[in-house]
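Okay, got some structures for you below.
You will see subunit A twice below: alongside subunit B first, and alongside subunit C after that.
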Partner chain A sequence: MTDLIPVTALGDATPRRFSAGALTLCENDAVAFASLALRRGAGRPAPFGLALPGPGGWAAGQGVAALWVAPDQWLVEAEGRAATDFAATLGQAAPGCSVTEQTDGWVAFEIVSQAGPQPLEALLEKLANVDPAGFAPGRATRTALHHMSCYLVRRAAGHVAVLGARSSAGSLWHALATAARRLHANAA
Partner chain B sequence: MTRLAGGLIDRTQTVTFTFDGTRYQGHPGDTLASALLAAGVRLMGRSFKYHRPRGVFAAGSEEPNALVELGSGARREPNSRATTVELHEGLEAHSQNRWPALSFDALAVNDLLAPFFTAGFYYKTFMWPKAFWERLYEPLIRRAAGLGRLSMQADPDAYDKGFLHCDLLVVGAGPSGLAAALTAARAGARVILAEEDFRLGGRLLAETGTLDGAPAVDWVTALEAAFADLPNLRVMRRTTVFGVFDHGVYGAVERVADHRRDPGEGVRQTLWRITARRAVLAAGATERPIAFADNDRPGIMLAGAMRAYANRWAACPVDTIAVYTNNDDGHRTAVDLLARGVQVAAVIDARAEATARGDYRVIAGGAVTGTRGRLGLSAIEVRSDRGAERIACGALGVSGGWNPNLHLASHHRGRPLWDETLQTFLPDAHGPAGLVPAGAAAGAFSTAAALSSGAAAATRALGEIGIDAAPCALPEAEAAPWRIAPVFHVPGRKRAWVDFQNEVTVKDIALAHAENMRPVEHLKRYTTLGMGTDQGKTANVTGLAVMAELTGRTIGETGTTVFRPPYTPVSLSVLGGGDTGPYFRPRRLPPTHRWAEAQGAVFVEVGQWMRAQYFPRPGETHWRQAVDREAAAVRSAVGLCDVTTLGKIDVQGADAAAFLDRLYCNTLSTLKVGRVRYGLMLREDGFAYDDGTAARFADDHYVVTTTTANAGLVYRNMEFARQCLWPELDVQIVSTTDAWAQIAVAGPKARTLLARIVDGFDLDNAAFPFMACSALTVCGGLRARLFRISFSGELAYEIAVPARYGQALMERLMARGADLGVTPYGTEALSVLRIEKGHAAGAELNGQTTAAMLGLGRMVSQKKDAIGAVMSRREGLAGDAGRLVGLRPVEDGGAVVGGAHLFAEGAARTLAGSEGWITSSCHSPHVGAAIGLGFLERGDARMGEVVVAANPLEGGSARLRVVPACFVDPEGGRLRD
Partner chain C sequence: MLIPHPLLGPRDAQEFVCLGDARLIERPDPAAADAEAAFCDYVFLRDNPAGVHRELWFHEHGDRSWLVVTRDTVTHAVLGAELARDVALARVGRAP
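Our next item is the complex of A and B:
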């Protein structure tokens, strides 16, 4: 076990958290990511028993989840395993696939509403050109958010994850927190 | 008579505001214009060019005259239309374009000079001398003729943007818009109803006509309650849809907090991009004036506006009014104002057959030929078949008919069509796809016609997207036919204004005609008709009619100019989307950014990245001191640099090697596992475009690097190649730039330092030689990757760990290397080191250089094909004799200036005689002098020759000696041993 002490994508010792009205925004530094891509002509695996979703989809299984990112390619998530070599584990669970470590390629911000989907969808309106009608739980999409390329994942009706490039975590956090704060201020 | 009875204002509350420093009171529901009128204020501004007194002319966003400055300090906002400013407590407004005061404006002298200020005045007058235009004429003209003043301070308010989606967007909430929204929402469609006013209803709020026998406002109020129960309908008040863009996207601005004095933490305005499957244009119509002599005095306004002020806002600034009309609508004004106790001196109707609708005098077949009153109307001069007479009145309502607000329907080159019966332009069928005009915007001028037209438009629009909408019960309303006589102006010798804001008169149009500026687009530019902030909403059609009359063509044949977004002015702040200052654009921070900040680093923007440029130490007063120290430390001890920003791409697959062979001009398939090779990529046209390294971790697994600047471009090109050029190859790629923190450890003591953090990894030169790579663990089990590559020319490594550990690794290396003299270095020292080593970077890879020019011509493999390889051999490129060389000043202490052109000694310093240019230069601590790199014709064969570097921009020149591009350790012993 290394004695190096990691920092979060925002450069802090602990994940940042922010609330505005019914919305809570927090950095999820515990989730591990790995890219899973099929070799040419290979069959679709079911790593850890997870049925990999189709285009625009996100599927959650036991401790792992995956979102479709390209033909024959997924971003696999594993909650609480960021400190491990999850890519190696996934490589064993999906033999013959191209697996690439992505844990620190991304920053994950989890946005949860305490008052149902409405506040969350009001926030989404201010963030990205995504039609809430086509963005039900289980959907994921790649989109531009304040000039940053991100994945939006609808984990539940009142829960959206924003995955952005780790290096622009500060700008992304600013965009999300500012939008949430202003929404609350304008509603007040 | 100022405040009348009735109206849709809340008299239980009082709102205090100031205009030009004077305190006034109004009520919630007032606009600034209505409150001023109710306070008896007619004079609200001065005109643009002649500084003539002006009052409010309209009651909506089409207002050309009553432009004011709102707020003060940084919040001062010029050119605000008093007619759209929602009154609120503490509102501060000032008139503009006057000095010293609104009632006495010294520049009104311009009005006496009016004969000189005709159309084309600037074009004719300020031709000579040419040099005077920019420095003398233009500043003078701008000072004399203008609108409001900018605060010249940063906007303190917040703005944002957003995205909405709907089945049907309804633009405007007058009778047709309300009917359309109701029909669509009841059908279950997702509907957005956008209204620029703060209250729904449109003209229903301004008229006294009933719906189902009750006041129209009752129906609107009931409808608003019904709307609240329809979750699929979003009502957006204070929202102007200002443009139609491609693919059914509509731009809209919501004035979220303009009606508050201070928006606080919230946003002031929001820019919405609304993606609508279909839209109904229910934007209503704008009344147009009739042009007659001196028709711009305060108190003269559109008859419909006068009616709106009386009915909606209970405001009329005077006791006695008159009306001048060519249609039935003008009579409504007389009837409504009479009913509210205002005296109507006369209704002058251009139509000989006109009769009164109430107890007032009608002058049938009459015309207003002039007006009186210095700062406000006192009388009008009327001519009819019974002769001329002067009629005393303080206000005159003018109605020359109505122009449908078809602007959005024209945004995709839709061309309005002239309707002779209605005497107006109507939207044609070739406007934006999916946009259906309705109501007055489509020429349905009666309330009944507007209601049914709106419902029908919604049904039609939804039907096109497969949503059946059943007809809704609509209230019974007035259905008067539209009767109008084609009267646009009253001929006369005096000036008659057509475009009030831009001071275009009938005479100006006649002059444009006389000078052959007859096509409408020429007319517009020559006279500035329709070029004000109001875009000529009350002026354009009248102007076209005057030109049509002069040319003898019909108005339809004369045509209109092109309407473009925005429909009404949109502030740049909201168009910018709100992000300013450090958040104007996203920033990318390397993993050691916080650490570098703590070290006092100076940062530099490299694309979106913020990189440490150098790390000044106490006592260092010039950046060169820090950079020289950092570079020297790398040459003599060991330095650390965060190089995470270089692009990293993970390439896997059975055909990974073949894939890279096709992308890079050199061969990478022969690279052994555990080794790294320099790679050069060419563009399709054969020029070099990016370089980097390729590390092979397995037969089917490479990690390639790119330059920082081209990381995205190279990845995109790789994806294109993988998906489109060679889909048959088994290759998978993923960017890992952000995933790994990468730190360069460079200098003769690099191995010693690294040995202190690796977990039992053999760093011996034999076990891990130059250009080796390996996965390993460091610091007690942390997975890492090690590359023995060197940009500085020293013994050097790059060590990569998961990004979250990057900062801790840097701190660990600094701590463990303290006794070795470990020194962090930034991009400036990095650049010095690579120039000393003769390595190419962005300044050399500028898109104009070939592999041969870089001295890498033999890297372009003849044994295989790769992108750009064939094109690199074409005559134009292969024949380029420029070669990368090193340059040193001949004289001691001489400078090497980047960008300077190189000439043979004695040669003429012309562009044609240039033999190359200096790409990079620096002070070299290693050499102890300025050095440079550059491309020189046949440079490889001119070692030792003296050339002249000329810098015509700054006027200097210097003699430089041509030397090999590598200034340090040309044999490469340092990096290999």
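Our next item is the complex of A and C:
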């Protein structure tokens, strides 16, 4: 049988980490994604007891979270379940909905600040078209970052996740790490 | 230029793709007797007003919704935006 070697989206054996000043970037290879869409006229389900958020929202529940991506459509995340068939599990939890596996289409980079929201907001200001005043914890938005379409999720005041296309993971990491390094170099 | 997205609030025009005249929603009936002439007009003829114009915009780097944006082509002022889905449903007399 073919001997396959698992690699992360960046092609490494282990998730990549990078620190610059107060900011730490970390590739999250453990989170599973599945898209959840309602059929026409269907009621809104509550998979795993999660209250699905409204436009521009992100909501976390027990081991799962969801971000609004379009009218009647959400991207559901499950931490630590990338190696499982999460779409099948979600399909059972949301009967009658259209569920599509998304784990292998995306890469998740978690950016955590050890010095409160300021360094994180300074980084976002350089990178993407988000208004920090309207991007409180619990908000998620899709926008272009270095011409790549990404979801930005404000998980906490000092924690933002960037979800991008897995095929351009290297370019996205380069954009984030370079901006974080320059921000730290200019501040020093 | 900011587009007042009905669901997401003001969003930068860079996130959108403009697809032109919103009359594209009014697709002729292909089963009608004059379908050929109607489709010829539908496909090839566009008004080119100096002033208020309704256009289809696609929120590509966003929630992928189609919007009908009302815009003044002389001043570039954006006068409003609504979901194209709502506009299309209202046209055939159905609630969004």
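Here is the rule we go by: the second predicted complex is superposed on the first by the 183 of 188 C-alpha atoms of A that agree within 3 Å, B and C clash if a C-alpha of one lies under 4 Å from a C-alpha of the other, contacts with A are read in each partner's own complex, and residues count from 1 in each chain.
Basically, contacts are C-beta pairs under 8 Å (C-beta built on N, C-alpha and C of every residue); 3 or more make two chains touch, one makes a residue touch a chain.
In this text the structure is predicted, and so the values were computed from the model without any measurement.
In the superposed model, A:R142 makes contact with subunit C only, not with subunit B.
In the superposition on chain A, contact is made by A:T8 with subunit B only, not with subunit C.
When the two complexes are overlaid on their common chain A, residue A:T100 makes contact with subunit B while staying clear of subunit C. Look at A:P55: by the touch rule set out above, it reaches subunit C but stays clear of subunit B.
When both complexes are overlaid on chain A, the residue A:H159 reaches neither subunit B nor subunit C.
By the touch criterion stated above, A:R16 is placed in contact with neither subunit B nor subunit C.
Touched by subunit B in one complex and by subunit C in the other are residues 129 of subunit A. Across the interface of their complex, subunit B is touched by residues 1-9, 11, 29, 35, 37-41, 73, 82, 85, 98, 100-106, 125-126, 128-133, 146-148, 165-172, 174-175, 179, 181-182, 184-186, 188 of subunit A.
Of all residues in subunit A, only 55-56, 68-71, 129, 134, 141-144, 149 touch subunit C in the complex they form. On the subunit B side of its complex with subunit A, the touching residues are 158, 160-165, 190, 256-257, 264-267, 270, 273, 275, 579, 583, 585-591, 593-594, 608-609, 644, 650, 652-655, 728-730, 732, 734-741, 777-783, 801-805, 807-809, 812. Chain contact summary for the complex, subunit C toward subunit A: residues 7-9, 12, 14-15, 60-65, 83, 85.
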